[in-house]
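Think of it as A, B, C and D in the order they're written, each chain with its own count starting at 1.
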Amino acid sequence: MAILVDERTRVLVQGITGRQGQLHTEQMLKYGTRVVAGVSPGKGGSSVHGVPVYDSVEEAVREHPDANASIIFVPARYAPDAIYEAVDAGLRLIVVVTEGIPVHEALLAVRYASSRGAVVVGPNTPGVITPGRCKLGIMPADYFKPGRIGIVSRSGTLTYEVAMRLAQAGFGVSTAVGIGGDPVTGLSFWDVYEMFLGDPETDAVVLVGEIGGVKEEEFARLYAERGRGKPVVAYVAGRCAPPGRRMGHAGAVAFGATGTYEGKVRALEEAGVRVARRLSELPELLREALAR
Amino acid sequence: MAILVDERTRVLVQGITGRQGQLHTEQMLKYGTRVVAGVSPGKGGSSVHGVPVYDSVEEAVREHPDANASIIFVPARYAPDAIYEAVDAGLRLIVVVTEGIPVHEALLAVRYASSRGAVVVGPNTPGVITPGRCKLGIMPADYFKPGRIGIVSRSGTLTYEVAMRLAQAGFGVSTAVGIGGDPVTGLSFWDVYEMFLGDPETDAVVLVGEIGGVKEEEFARLYAERGRGKPVVAYVAGRCAPPGRRMGHAGAVAFGATGTYEGKVRALEEAGVRVARRLSELPELLREALAR
Amino acid sequence: MILYEFEAKRILEGVGIPTEASVLVSEGDADRLRELASRVPGPYVVKAQLRQWGRGKAGLVRFADTLDEVERVARGMLGLEWGGERVRYVLVSERVRVLRELYLSMMVVGSPPGVLLLASGAGGVEVEERARGGLLVIRIDPFEGLRDYMVRRAAKHLGLQADQLAPLLKGMYRALWEYSLLLLELNPLAVTDRGLVAIDRKAVADEDSGNPKLSELLSRYEGELGDLQREARRWGFAAVPLEGEIAVVGNGAGLTMAALDAVADAGGRPGLFLDLGGGASADRVKAALKLALSQPRIRRVLVNVLGGITRCDEVARGLVEALREAGRPGVKVVVRLSGFMEEEGRRILEEAGLKPCGTLEEAVAEVVS
Amino acid sequence: MILYEFEAKRILEGVGIPTEASVLVSEGDADRLRELASRVPGPYVVKAQLRQWGRGKAGLVRFADTLDEVERVARGMLGLEWGGERVRYVLVSERVRVLRELYLSMMVVGSPPGVLLLASGAGGVEVEERARGGLLVIRIDPFEGLRDYMVRRAAKHLGLQADQLAPLLKGMYRALWEYSLLLLELNPLAVTDRGLVAIDRKAVADEDSGNPKLSELLSRYEGELGDLQREARRWGFAAVPLEGEIAVVGNGAGLTMAALDAVADAGGRPGLFLDLGGGASADRVKAALKLALSQPRIRRVLVNVLGGITRCDEVARGLVEALREAGRPGVKVVVRLSGFMEEEGRRILEEAGLKPCGTLEEAVAEVVS
């Protein structure tokens, strides 16, 4: 099982001939991910690390009807088009690594994908990894050991840090999902938590949040209303960040009373989610949550 | 069973205080349809034939959470808004009687509904009737006798004519669905045929088409490719209509080689659908189709 | 509403799609024809403007090398009757040197709801010709719009550069929405040594759209309607004049077409299609019958109304009144009326000497007899 | 990018939303203050323009009855430092007679993707106040847009006529898309005897949108950046100057914030947040370290990089080079580096006298010690 990706995942890489596309195609192949085709308009007929390249997703899918997921490395300006192309070609899982896609364009593209039954992970995500079985992303795989803890995160490198700490404490990961750092993403914390709920290989979930936006609060509301099927332990970055300043490139900014650290932690704790004040507390909280 | 409507259908009437709304609310109630609420902005608090009226669909649904279908009698200019309102309030079956809705607006509204999992019947439809159990529409109920033949039609009054002939020949109707006469409608012939396929109370389907558009051709293509689960007998109106002229108010016009009578009949027959050249032949063809 | 080619041409030009140089000559301008045509560089194509398909095969698109020829050909076209329509305009266009003919169209479709983009490397009149060139079909969801990847796909299919095709497709898609078009066809789209040129085009607009950008086109269209159709529009009827002498009046397009087919089938010659539309109320039925009776060519009238909820007795009284007010000697009226209070309605008709029929077949047999 | 109130005001006026009469006074115009203010009818409200929340509580919104008062108050505000920002502009507005205060806002949200319309009958500074008035939340799907039924619902909630509210909501929705706004807030929206007037407003725009309509606002924003932030933007870093003396440099906003939190937690005083963003390549890490070292206030630097695929040895060499080129005596640099070729990287750092740490905790303890 696991969620989203496993050994049945057959990957198409959009933007495969770019620097990032080439590098991570190689990394994914090394990890054992089945990358079946790449797309790069005008580069059809070539190949990248042995993966055949096509001019369009439609052609790639026609030649590789087993392809069921896509990962997009296309520059921000062209990335929305790549999402539409993947959706229209019938792909049902689309990981958008690209950062800097205009929020309003992402909103439309992500909504479009959902209207056609496709799941978008990202934009601005490191991707998804089911350790030992499939890596559909750019994360350094070494940090992720197989196990029974689900990770869902808004962050990139912080996710690696968390996975590393879990591994050091003896916890492996069933699947780690970076929902993406942008204000609008295809998946919410709740969407991913619900998938973990249905996954017999996941015992508990670690949620990695940040200040800014209302994603953590929304998760807390839904978890309080419907959730609690599996324990959730959280960490929220940005406790000491000054309000009104954009921390980083994406959504990490608290406006007035919205998106503050205190508001998020309060909402999560009131919903029954233990929140680690320090990263180092995560393994212990997780152990306690699993023991209950 | 039957399809779309039955004794569990709980109806909300949008535009209930208008002339048509009042008249057909009364007719539906007489037939036994469970009309639970009406909506008419600014008329909240009043009632029509004993049915309470609300200012908005949201209020009506809050007070009548059992409502699961809507019928719209709102004038063309306001009808798209009424569709959006019904979809957003969570109604999953929306019958749009209104004619004259601009095609491009209907396109967007119908697509929106589908993106939210709602079924739109119409626009420009007489509605849906499951004889003896629920009438969600404006059709004169007397013409429809209970039975095991499904009717799917682009036409209004022609559907009544067909139902009457079936009744005279001893055939009753499981459900009759007017998909609507406009170029863009929420349901296609195929959508409805697929529903009939899944309905154990339907033995065969009568398809009533017209010249213009490609809806019959599309059905024929799908029926040839995937269909043939239940026999289909068709009648197409407009054999003697001159090309390039709009026959009636809606989509009945053949442009060049598109939408001609000959094209439609050829497509249907090649797909294995028997086409009656005259209305009077329908019962006999149906009898033959059922006998096979 | 089928647009004139010159109307479609202006729309295309408005969205930046290249077309050939041309001049429009209306019937009233016939005497200035040569002067007008001289503004266009020769050689020429002279095209009758018609709101229908098939003019090419009918010889209403003609080449001309000299202004003399243009004058002769155009004068021959103007005022001509073809397919029930008078040629009110001719378009005199420069004859573009075509290297290759392509086909491009967009149309609104219902299931799934969206816009179809059709592209073929073989332009020309016939669908079969297009199919030979391989017809590419791209479905555009209204929620995504025309995307660059679609442009690339179409360009590859047509053997063009995406950059070259993009402005055309974007212009077409924009025009489709801005002008509430149901169909927009560039056929052929010419590949020339100065790029792509849309040298012929068709468009169909949604006349119910209420789109203000169509108001000029709508008023031209309405100005061309005969008295019959103008009166029909006033009532919200749909009227189509035909060649024969039997008027077929009904409520609902499908039912009325079915009656028309039945009449033709029985050997009758329909002379008028008149659809009342929704709501077969007494006054509307009365008005429709009077309108049919006002047509000199009409010798027989078949009224076929499935009333449903409307009271048949009321409708019958309306019919009788219409006959009293506008009845013409020697014009036979046959009525088939069904619905609520049907018996009473039949009685009223019989008393007035009208023949009430129980079925469509009976009524058809009666009207053609 | 948080817009200035006066920028939001102009956007609102551009989409036809009524606002109060006002005049903008910049630092450079301080000597013409009285003349400028006299164009606005009194009495007045004088508002410091700031790219943050909370100015009201800080006394940076003040009433004034006379031009003398305006002058005194405005001069007191201009040039003031508050929340790390200098007051570069004040807005002198007419004081509108408010019958009732309302709250209206629209914001882009992610799940489900759309726009939230929030409306409350109680305007004012605090969320709690809004909640008291009952906060109506309407979810606008981008595929439907703002519909009339939503306007009716909001109007009913606010006790207004739909016709009265419609232009405001339509204007706000249009502005949200036209100006790539993530948030647009009218708070309060005043009910006055001349109708609805948006007398205060906030807006946040997506600075990555590439929207040409934002270019003027963006260049004003960029013009206000300090050297540090300008240089950071050039590299694509995100830099936020803070009060203390420890620079926290990392790759990824989340990880860098976590390091910042850990430093503060251990009693350190962060003086700079510097996120490298994606791609912790050797040259970027080098540039970031040099930038941190160039800040006079900074006495200690924590570099926390989870390289992943990048070679740690390369990154280590970059760091060593940065120190050689821009190292300052007495500035302590602590590095935590993890990823491919980590051992080799540590060796290089140690050779250069840098302290390589294995964990974030170790590094934090070292940098605050």
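Just so it is clear, a residue touches a chain if its C-beta (ideal position, glycine included) is under 8 Å from a C-beta of that chain, and two chains touch if they have at least 3 such contacts.
Quick caveat: nothing in here was measured; it's all calculated off a predicted structure.
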Between the pairs A-D and B-D, the one where more C-beta pairs touch: A-D
Chain whose mean Cα position lies farthest from subunit A: C
Centre-to-centre distance between subunit D and subunit A (centres being mean Cα positions), rounded to whole Å: 26
Rounded Å distance, subunit A centre to subunit C centre (Cα mean): 53
Rounded Å distance between subunit A and subunit B, as computed from the means of their C-alpha atoms: 43
Junction residues of subunit A - those touching two or more other chains: 108, 111, 114-115
Multi-chain contact residues (two or more partners), subunit D: 141, 143
Residue ranges of subunit C in contact with subunit A within the complex: 139, 141, 143-144, 147-149, 152-153, 156
Residues of subunit A touching subunit C in the complex: 41, 55-58, 78, 81-82, 84-85, 87-88, 108, 111-112, 115-116
Of subunit A, residues touching subunit D in the complex: 23-24, 27, 76-77, 99-104, 107-108, 110-111, 114-115, 138-140, 153-161, 164, 181, 183-185, 187-188, 190-191, 208, 210-211, 213-215, 218, 235, 237-250, 252, 255-257, 277-280
Footprint of subunit B on subunit C - complex, ascending: 2, 51-54, 83-84, 108-114, 126-127, 141-143, 177, 180, 182-183, 202, 204, 206, 208-211, 236, 238, 240, 242, 250-258, 260-265, 270, 273, 275, 277-278, 306-309, 338-340, 360-361
